[in-house]
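Here it is: the structure, laid out below.
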Amino acid sequence: MALGAHAPLILINFKTYLEATGKRSVELSRLIENIGKDIGVDVAVAPQFCDIAHVAAQVEIPIFAQHIDPVTPGAATGHVLGDSVKAAGATGTLLNHSERLMLLSNLDRSVKLARELGLVSVVCAGNTDSASAASLLCPDMVAIEPPELIGSGRAVSKEQPGVVTESVKAIRRVNQSIKILCGAGVSSGDDVYAALKLGAQGVLVASALVKSAHPVEVIKDFCNGARRFQEDPR
Amino acid sequence: MALGAHAPLILINFKTYLEATGKRSVELSRLIENIGKDIGVDVAVAPQFCDIAHVAAQVEIPIFAQHIDPVTPGAATGHVLGDSVKAAGATGTLLNHSERLMLLSNLDRSVKLARELGLVSVVCAGNTDSASAASLLCPDMVAIEPPELIGSGRAVSKEQPGVVTESVKAIRRVNQSIKILCGAGVSSGDDVYAALKLGAQGVLVASALVKSAHPVEVIKDFCNGARRFQEDPR
Amino acid sequence: MALGAHAPLILINFKTYLEATGKRSVELSRLIENIGKDIGVDVAVAPQFCDIAHVAAQVEIPIFAQHIDPVTPGAATGHVLGDSVKAAGATGTLLNHSERLMLLSNLDRSVKLARELGLVSVVCAGNTDSASAASLLCPDMVAIEPPELIGSGRAVSKEQPGVVTESVKAIRRVNQSIKILCGAGVSSGDDVYAALKLGAQGVLVASALVKSAHPVEVIKDFCNGARRFQEDPR
Amino acid sequence: MALGAHAPLILINFKTYLEATGKRSVELSRLIENIGKDIGVDVAVAPQFCDIAHVAAQVEIPIFAQHIDPVTPGAATGHVLGDSVKAAGATGTLLNHSERLMLLSNLDRSVKLARELGLVSVVCAGNTDSASAASLLCPDMVAIEPPELIGSGRAVSKEQPGVVTESVKAIRRVNQSIKILCGAGVSSGDDVYAALKLGAQGVLVASALVKSAHPVEVIKDFCNGARRFQEDPR
């Protein structure tokens, strides 16, 4: 399933949560796919490297690796090769997540490698300057995530709306086509809706969904937030 | 299949070679398993993270991850969680390969995590001092690989036999039970035999096999070298 | 001595060359200062951390640290604190040199710290995309240095003039006020002149001068190249 | 001034505290020297790189760099060259401090470089396994510092005496000649005395002294603790 160029995207990062490791990564991905399809919202998942193959065998929604290293095939023991995540079934990759920061030069290289391999690249950045700098490397998407709000339950789109609008403005000044996600603390459909209203084209979420005792409700809530925006984008 | 405590081990590192990525990692693992079984030698493979699950579904020989990060389940996007490689079917993990060097403190932590998870840990080190230091962290195996010989086609067991005997002596002084592998440049059954004669209990090999135009012949040659030693260990 | 806003700058990186360590860093800085003054060209030096204080006591030209870490005063053993290089007499700092690459997020932080401390920041980058991205972090200067030409004796301004003009164009599109240096392989006054003609406002040089058997001649040659441009800028 | 082979050592890490940056590093070093001399206890300081030269010009006690990189003279912009800290007047260097952790292979290299340059090496480690592993690299000293106690004001010698005795035993099993320091949370002369009683030959201290409103009293207290042990070692 392709990513809609304009439709809002809910990208769910499984991190290294046990709740989304091994078989549970497959089950969670299936849930997410079904609810996304039902409500009519683009959803995607970013499972751990070892789980990509199993998830890819069971769902059709886009699958993102959580990182690829700036290496080409060869002698790079222990590194994550773009060709490998692609062979396993990934559609794209996160890059420079605040828990997996990259050298500027390596980030540039990994974005270019992703492009050559046809992998959709999503570069994360923690503030406006870094996000607009990252957008000049021409990834497909950039995700703004103030690190202090990650996992906080306080959504950037509510706590720091200025960061989102300012980032959107700064990014658009230098890159008109890039898809802009926002993340960090997104915990409800209202947070998703707020993010889209502020000019983001999607959200990057994790703990609020993956670690929830009621993930089905959370996914529905997130998707309904996006749906509400789709029906009345302005 | 368990690792024989005393039998020589041939551990094959797939690195990020395209020749051992995706489906080809499964095919190569099957070849290796069959030949190992035929000749009666312990063999094991270390595929890329994304390939562990597929390989594990098809072979019974031990499978090693190429690295695990010193992280426990939680918020560690893009990292390699021990629980995840285990859930995918890995039996153990390489650590501190010269292409994926680790902080001393992280290495210590990853060895302990592997132990808690029941993963066999193989710590690589480039010289005698580092190898004996590493053996005090109490991994299951230590692999001596002078970095300048890796991928060179000139085997450490032939080019620098002194490094092997000296390392074996230094390691045994502080750790009597650890399994000692030697690697770097191992290209033939004679190299394997020489390594075992010098006091190693196995070899860590990569390019000479994985990148060979005739991998079957190379695997047979390696296994026959080990077999020859098994039949006449002294 | 302040840096001329418009005058071409020759910034000499002492790296960790023995020829510019300890007392020799002071002597070399004096030579550079005298020749720069004689010929009427802005020169600056980037000695090692331990040499900044001694150099600062003997010359009045601007002194750059080779790096500062993204740390504020506190518990950061072994790191390079901006306040410390400033107290020692530095006017500015290099950042993200290809031999000391930085995480994008840390680079952003170090640029901001430099600004708060009144240190002139020079961010190095290896290609057009990275250089224009870096310029969005708003350092005072950006230095384009294709890593494959560093120390090669083949000047970027002669070997890859397209990289320089293209980078200048890409940087100017997003940042009009930043000073643009170019480096890598700059070995003669002609190379300096060529760089300035291509739109750079200065050069970053190292081995060709520091490791020369005749540094006086090299400095003079470099300064004369800049001088020639100053007298006929177009 | 040489380090006594057997006398207890109080090594004071200035970290990147403003209270010990620039001129204040020189003043603090002078205080420490005078009090150490008065009370008759070996003291040493570890100022920031930029301050080594000024401190060395004013005191005769041993001066340690806080880190050296595993690089030899050459093209290593922004790195800390052993030759450079030595030329500035350092007698030795800390390595692998918990705030500046090193790759095992780099640590091995930096210890060897220090030895070649005649610099006294002090390797820090956070637990017993890492400390005994580090001692096999044959540095001159090893410093045990449980990271969770660093800067806590709760001394390892009081809070976790078992860690100290166990580490001393494990280290002595593999290295009889190395000098063993202990650190983390050492805040009083009693803590110093306790550490020496537990088998350490010295302490590594930082915040309790450097950030104190009354550093003179703290230094005196520390030195008196060591003195008390010297007069009645068992």
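Going in written order, the chains are labelled A, B, C and D, and every chain counts its residues from 1.
FYI, a residue touches a chain if its C-beta (ideal position, glycine included) is under 8 Å from a C-beta of that chain, and two chains touch if they have at least 3 such contacts.
It should be emphasised that the depicted structure is a prediction, and the values quoted were computed from it without experimental measurement.
Colleague: Which neighbours do chain A and chain C have in common?
Modeller: Both-contact set = empty.
Colleague: Quick check on the contact graph: shortest path length from chain A to chain D, in steps?
Modeller: So the least number of steps between the two chains is 2.
Colleague: Using mean Cα positions as chain centres, tell me which chain lies farthest from chain B.
Modeller: C
Colleague: Just how far, in Å, is the C-alpha centre of chain D from the one of chain C?
Modeller: Each chain's C-alpha centroid was found; their separation is 35 Å.
Colleague: Roughly how many whole angstrom separate the Cα centroids of chain B and chain C?
Modeller: Result: the chain centres lie 45 Å from each other.
Colleague: Touching at least two other chains at once: which residues of chain D meet that condition?
Modeller: Residues 98 of chain D each touch two or more of the other chains.
Colleague: What is the shape of the graph in which nodes denote protein chains and edges denote touching chain pairs (line, ring, star, complete, other)?
Modeller: Here the contact pattern is a ring, one closed loop where every chain has two partners.
Colleague: Which pairs of chains touch each other in this structure?
Modeller: Applying the touch criterion to every chain pair yields A-B, A-C, B-D, C-D.
Colleague: Going by the contact rule at the top, pick out the chain D residues touching chain C in the complex.
Modeller: My answer: residues 13, 15-18, 21-23, 46, 48-54, 66-67, 71, 73-81, 83-85, 87-88, 94, 97-100, 150-151, 206-207.
Colleague: Enumerate the contact residues on chain D facing chain B in the complex.
Modeller: Counting only chain D, the residues touching chain B are 96, 98, 101-108, 125-127, 129-130, 132-134, 136-138, 173-174.
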